[in-house]
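Across the two complexes that follow, subunit A remains constant while its partner is subunit B and subsequently subunit C.
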Partner chain A sequence: MDWGSILSNTASWLISPETIAYALAALGLAVHFGYGGLLNFGMAAFMALGAYGYAISILTFGLPWWAGIIVGCLASVVFALILGIPTLRLRADYLAITTIAAAEIVRLLFTTQVFDSVTNSADGLGNYHAGFRAANPFPEGTYGFGPWTYNENGWWVRIFGICLLAVAALLVWLLMRSPWGRVLKGIREDEDAVRALGKNVFAYKMQALMVGGVFGALGGVVFALPSAVVPSVYVTSLTFFIWTILLLGGAATVFGPLLGAVIFWVIMGFLSNVLPALASSGFLPFMSTTQAATLRYILVGLALMLIVIFRPQGILGNKKELTFVK
Partner chain B sequence: MSSSNAAPLKPVKSTGLHIGDAAPGVAKVDPIIIADNVTRQFGGLKAVDVEHLEIPRNAITALIGPNGAGKTTLFNLLTGFDKPDTGTWVFDGKQLNGVPAFKVARMGQVRTFQLTKALGLLTVLENMKLGSQKQKGEGIFASLIKPLWNKQEEEIEERALDILARFKLDTKKDDFAASLSGGQRKLLEMARALMSQPKLVMLDEPMAGVNPALTQSLLEHILDLKVQGMSVLFVEHDMQMVRHIADWVVVMAEGRVVAEGPPEDVMQNPAVIDAYLGSHQDVDLGVVTGRIAGEITSEVEDLLEEIDAETGVEHEIEQPPVVAPEKDEDSK
Partner chain C sequence: MSLTHSAHAPRHKRTLLLFLGFLFAALVLQSVSATSARADEVGTEYDFYFAGNVKYDSEPLEGVTISVDGNGYEAEVDTAADGKWKIGVPEKGTYTVTLDEETLPKGVIVAEGSASVEAEIKLTSSKIVNYFLGEGVRVTTSFWDQLAERLVNGLNFGLLLALAAVGASLVFGTTGLSNFAHGEMVTFGAVMAYVFANVLHWPLWGALVAAVIMSALFGFTLDTALWRPLRRKGIGIVQVMIVSIGLSLLIRYIFLYFIGGGTYQLPGAGEARITLFGTVALSVTDMVSMAVSVVVLLAVAWWLLRTRTGKATRAISDNPSLAAASGIDVDRVIRIVWILAAALAGLAGILWAYFRPGIKWDMGTQILLLVFGAIVLGGLGTAFGALIGAIIVGLLVEVSTLWIPSDIKYVGALVVLIAVLLVKPQGLLGRKERIG
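Here is the complex of A and B:
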């Protein structure tokens, strides 16, 4: 077994675009669930709307890359409105059921042949990078050290993503220390009590759904920036990876989603390297290398269960302030 | 809780609230709520069917009645938490039917809940601050810029601490509300309602599950609301308390208002005694069933005769039936 390459591959996940994208989406989910108590099981759809909004704006409408990002965010705001108007007046469970179904609808709309000319159906979209790369301030070349050696485009995506993440985290922190955040946390606890105090609960929940949705869309954009937009990425399991990250880090925290995303991807990266290596060296009998690589998803499921049972507040959370099961 | 040495407030009863005879639906001199034809049906059950009801201003009104009389449902309707099938009502000169609950609260009519709704994972102080109205920092964009709401926040905090001190919760201000006892949560809920500077405070069973020592301080707080110029409407089962602090009593049974009047008069009203207290409220049922040794008064004999007449079973007072306890054990 080549431990050097395993560890190097693992370390590169620390600042991969995937990690940043998942952290952004998990931050959005923290606004939804951790602070607002909204059970959103459709984060994949918000991410898909961000990614497709970005790609389609550039490829079909010829917009500049930054306008593509704005379009992606607007699409997620509209989606939040469509989801929220019928469901936010109802109990939290209804939102959960609706979002999980709506996310599948969105994915299937992007997959279907009907809009092939725009979405390229199941094959997805690519080759929209010119504008973003033209805006790259880094001169051509290879930078970095050890496992973190990338070319100018690799760095541009990562640094842009980290900046977005920093702004998003700052926004969440500012919102949650304010009276607005106080109302939102009150709604998480008991919306009838907050209603009885003269707050427009519906409007607050809608705003929270939109803010979190925009972070999800930005996550989708960062996910799409270095590579391509493929509909099969935005499946329900993506949503549950985001949930795992959120609960791992701590649902009602600003830095929990960031820490959760890093830990999640580093462990996933480690397992995806080490498990096939173990299988090929015969440490995992009855298993081919491909099967061993899939084993990590089983371990993620197991980890999610263990977190919810033994540390419901996550790594950074305050046990008194938020537990997963009330 | 009991650190107050002040003598209990002597309740000053407001009188002369009504015009004409104290009958169900009587007009008030200065009503704060006027409700007409309010009905709410749950399936085949008419939970609330109030033809006309006026709640007097700057007075403490008790809403009493047996379980299932529709008191809480009426509360929910008046505060916009439930929608009536028919009916209109006016609060402080403003039409209120069809107005959503949060707007009702903004107009100055706040309520508490029968099952206390303290926001458990917010601190006591945060709970209080949430009650304040018209906060600039509650707008999503303004909330991002602290200088816009910082000053108001400080004022709110000052007011919250002031009210908390009155309710003797100031030492708990940084604790999560979930860590308070049941009675303290009731106090917190009432204190939080006061943060909105209401005109009418509606308390749904403020005394339920509160220990006697705390009851006294709760009573004083309710009386204090009137002193401060607020009107109070409360649902309560404790007759002693109703007698003690209410200026006006409205009795509901099976969704209707069956009697109204000052507490002393209402308690004498046969319709009320029948509907609410039962017709033998002075009789110790333990004596009747024979589980407790006691004087067999003429009332007990009357009741036994009545029971015998209804069930057709002969009872010997000296040898009470012992069926009930045995049955109890069987069922376990």
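Here is the complex of A and C:
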């Protein structure tokens, strides 16, 4: 077993585009669930809308790359509106069921043959990188050291993603200490009390759903930036992984989603290297390398259950902030 | 330059034997017209071409007519013995590539998308056009015959969906939990049936009964090991819901771990259909499946309405505190509900494995949303609402394929779910105060 390459591969997950994308989406979910108390199980759809919004604007409509990002965000705002109007007035579990159903609708519509000319159905979209790469301020070459050695495009995606993430985290932090954020937290704790104070609870919830949705879309964009958009990524499991990240880091915190994403991906990256290696060198009997790779997803499920049962506030959270979870 | 390539290509070297073979193939393929001797490649003098490979069930199909039309050019070919075809075109651009469904073998159609597709040669010099062929009947039957067929299929699907939905609804009613792991309980029944019937080679009936019993045991184990301790601990319902999500991931990937990503068939799946009336044809499995669903659903209804435990279940759904105060052992009833729900889900899984057909590690996630849809449509927490909701969803999924492509047939059902929430959020049989 080559521990050097295993550790180096693991370390590279610290700032991988996947980690940044999941952190952005988890931050959006923190606005939904952690601060707003909204049970959104459709984060995968917000991410899909961001990614497809970006790719389709560039490929089909020939827009510049930054306009593609805006289109992705707008699409997620519209989706939040469509989703919120029927469900935000209802009890929490209705939103849960509706969001997960709506996410599947979005994924099926991106997968179907009907819109093949635009979405390329199950094969997904690619080759939209030219505009983004042309805007790259880094000259051509390979930079970095150790496990973090990338070419100019690799760094551009990562640094752009980290900047987006930093701005998003700052925005969430500012929002949540503003009057708007305090009302939102009030709604989370006791909706009726806030309504009695004369606040329009529905409007606040809708705004929270949109803000979080935009972060989800940005996560989708960062996910799409270095590679391709494939519909089979945006399944319900993706949403559940984001939930695991959020609850691991701490639902009602700004840095929880970031920390959760880093821990999630570093552990996943480590296991994806170490488990097949262990299996192929005979340390895990009765297990093929494919089975060893599946094992880590089993562990994700187990981890999610254990976190929620034994430490629902996550690593960074404060238990008092989670009294609404009843 | 002749633009229409319908000329019969000369085949001087063809032996008599091959010629007879060709004739035979033509007869088998029932292509009555004399087009079977056409070339499988035309327009090879051009720089740009469309090509493809016509296969059904990974067997190449010979003599299927493909035509290209567009930009003032048209050409036609028949596929070769290896199913391949190639049509050269003079310039880049968009052409309509059409597969003549009349030349396909009987009972085979273009299953996904249309037989006539718009294909564009844009950047490269060639474009591969392939068709997804499937078993089916060409749209030659009348609309009403098709509708009747879809209705019967939808009823079959709705009934098996109801088995899963009633169980999930009882769990929701008694514990307040939207159980995201219910789909995995459905898969569990199918996987157990596979283990007993295909791996251990038990006789089919014994295997299926054993699978349902194992499902019930699974429900009992889950309640004893997980849900009851959580209830004792007094953990909030949202937390338990997220625990059920973790459980769903855990069980789903355990299935993947053990059975892999393939699709497996139970013995007797995909057997011959018997025509009942008109175009409605059902296999014996379909008929047995519907009969079993109806009998089991009636038994559950009788249990809910007539037995002490059934009445206690409904009492707890109505008001748990009042039920507990009036001497009902809430914990015992909830355990029975979990066992019943798991057994029903397992049975639904077996029937669904025949209906789909096939057993796959993630089949449960597909049905979970339809189960939720059925429950919301009928009214959260009402068992009879779930029954009606499931049958409506089942009919809707199947009948909607008359108008929408089959790869988005679940979209219709899910859109209806959201529409119902807009108009009548308490569902068909729900009471208004439930939605608070």
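One rule holds for everything that comes next: the second predicted complex is superposed on the first by the 323 of 326 C-alpha atoms of A that agree within 3 Å, B and C clash if a C-alpha of one lies under 4 Å from a C-alpha of the other, contacts with A are read in each partner's own complex, and residues count from 1 in each chain.
One rule holds in what follows: a contact is a pair of C-beta atoms (placed from the backbone, for glycine too) under 8 Å apart; a residue touches a chain by one contact, two chains touch by 3 or more.
Fair warning: this is a prediction, and the values are worked out from it, not measured in the lab.
J.: Just from the overlay, do subunit B and subunit C fit on subunit A, or is there a clash?
T.: Once subunit A is superposed (C-alpha atoms), there is room for both subunit B and subunit C without a clash.
J.: Once both structures sit on chain A, report the angle subunit B, subunit A, subunit C from C-alpha centres, rounded to the nearest 10 degrees.
T.: 90
J.: So, does A:117 touch the first partner subunit B, the second partner subunit C, both, or neither?
T.: second
J.: Touch check for A:237: first (subunit B), second (subunit C), both, or neither?
T.: Touch status of A:237: second partner only.
J.: Which partner, once the models are overlaid, touches more of subunit A's residues, subunit C or subunit B?
T.: After superposing on chain A, more of subunit A is contacted by C.
J.: Under the stated touch criterion, which partner chain does A:199 make contact with: subunit B (first), subunit C (second), both, or neither?
T.: first
J.: Would you check which partner chain A:39 touches, where first means subunit B only, second means subunit C only, and both and neither mean what they say?
T.: The second partner, subunit C, only.
J.: Check the residue A:185 against both partner chains and state whether it touches subunit B (first), subunit C (second), both, or neither.
T.: A:185 sits against subunit B, while subunit C stays out of touch.
J.: Classify the contacts of A:281 with the two partner chains as first (subunit B alone), second (subunit C alone), both, or neither.
T.: After superposing on A, A:281 lies clear of both subunit B and subunit C.
J.: Using the superposition on chain A described above, determine whether A:247 touches subunit B (first), subunit C (second), both, or neither.
T.: A:247: touches subunit C, not subunit B.
J.: Thinking of the overlay built on chain A, is A:304 touched by subunit B (first), by subunit C (second), by both, or by neither?
T.: Touch status of A:304: second partner only.
J.: What's the minimum Cα gap, in whole angstrom, linking subunit B and subunit C in the superposed view?
T.: Distance of closest C-alpha approach: 8 Å.
J.: In the complex of these two chains, what residues of subunit A are touching subunit B?
T.: 171, 174-175, 177-183, 185-186, 188-190, 192-201, 207, 211, 320-322
J.: Please output the residues of subunit A touching subunit C within their complex, sorted ascending.
T.: Those residues of subunit A that touch subunit C are 39, 41, 85-87, 90-94, 96-98, 100-102, 104-105, 108-109, 111-114, 116-117, 235-237, 240, 243-244, 247, 290-291, 294-295, 297-298, 300-306, 308-309, 312, 325-326.
J.: Within their complex, state which residues of subunit C touch subunit A.
T.: Within the complex, subunit C contacts subunit A at residues 112-113, 118, 178, 230, 233, 235-239, 241-243, 245-254, 256-257, 260, 365, 369, 372-373, 375-376, 380, 405, 407-408, 410-411, 414-415, 417-419, 421-422, 425, 435-436.
J.: Considering the complex alone, what residue numbers of subunit B touch subunit A?
T.: My answer: residues 79, 81, 101-103, 105-106, 110-113, 117-122, 126-127, 129-131, 133, 135-140, 142-144, 146, 149, 153, 176, 178, 189, 192-193, 195-196.
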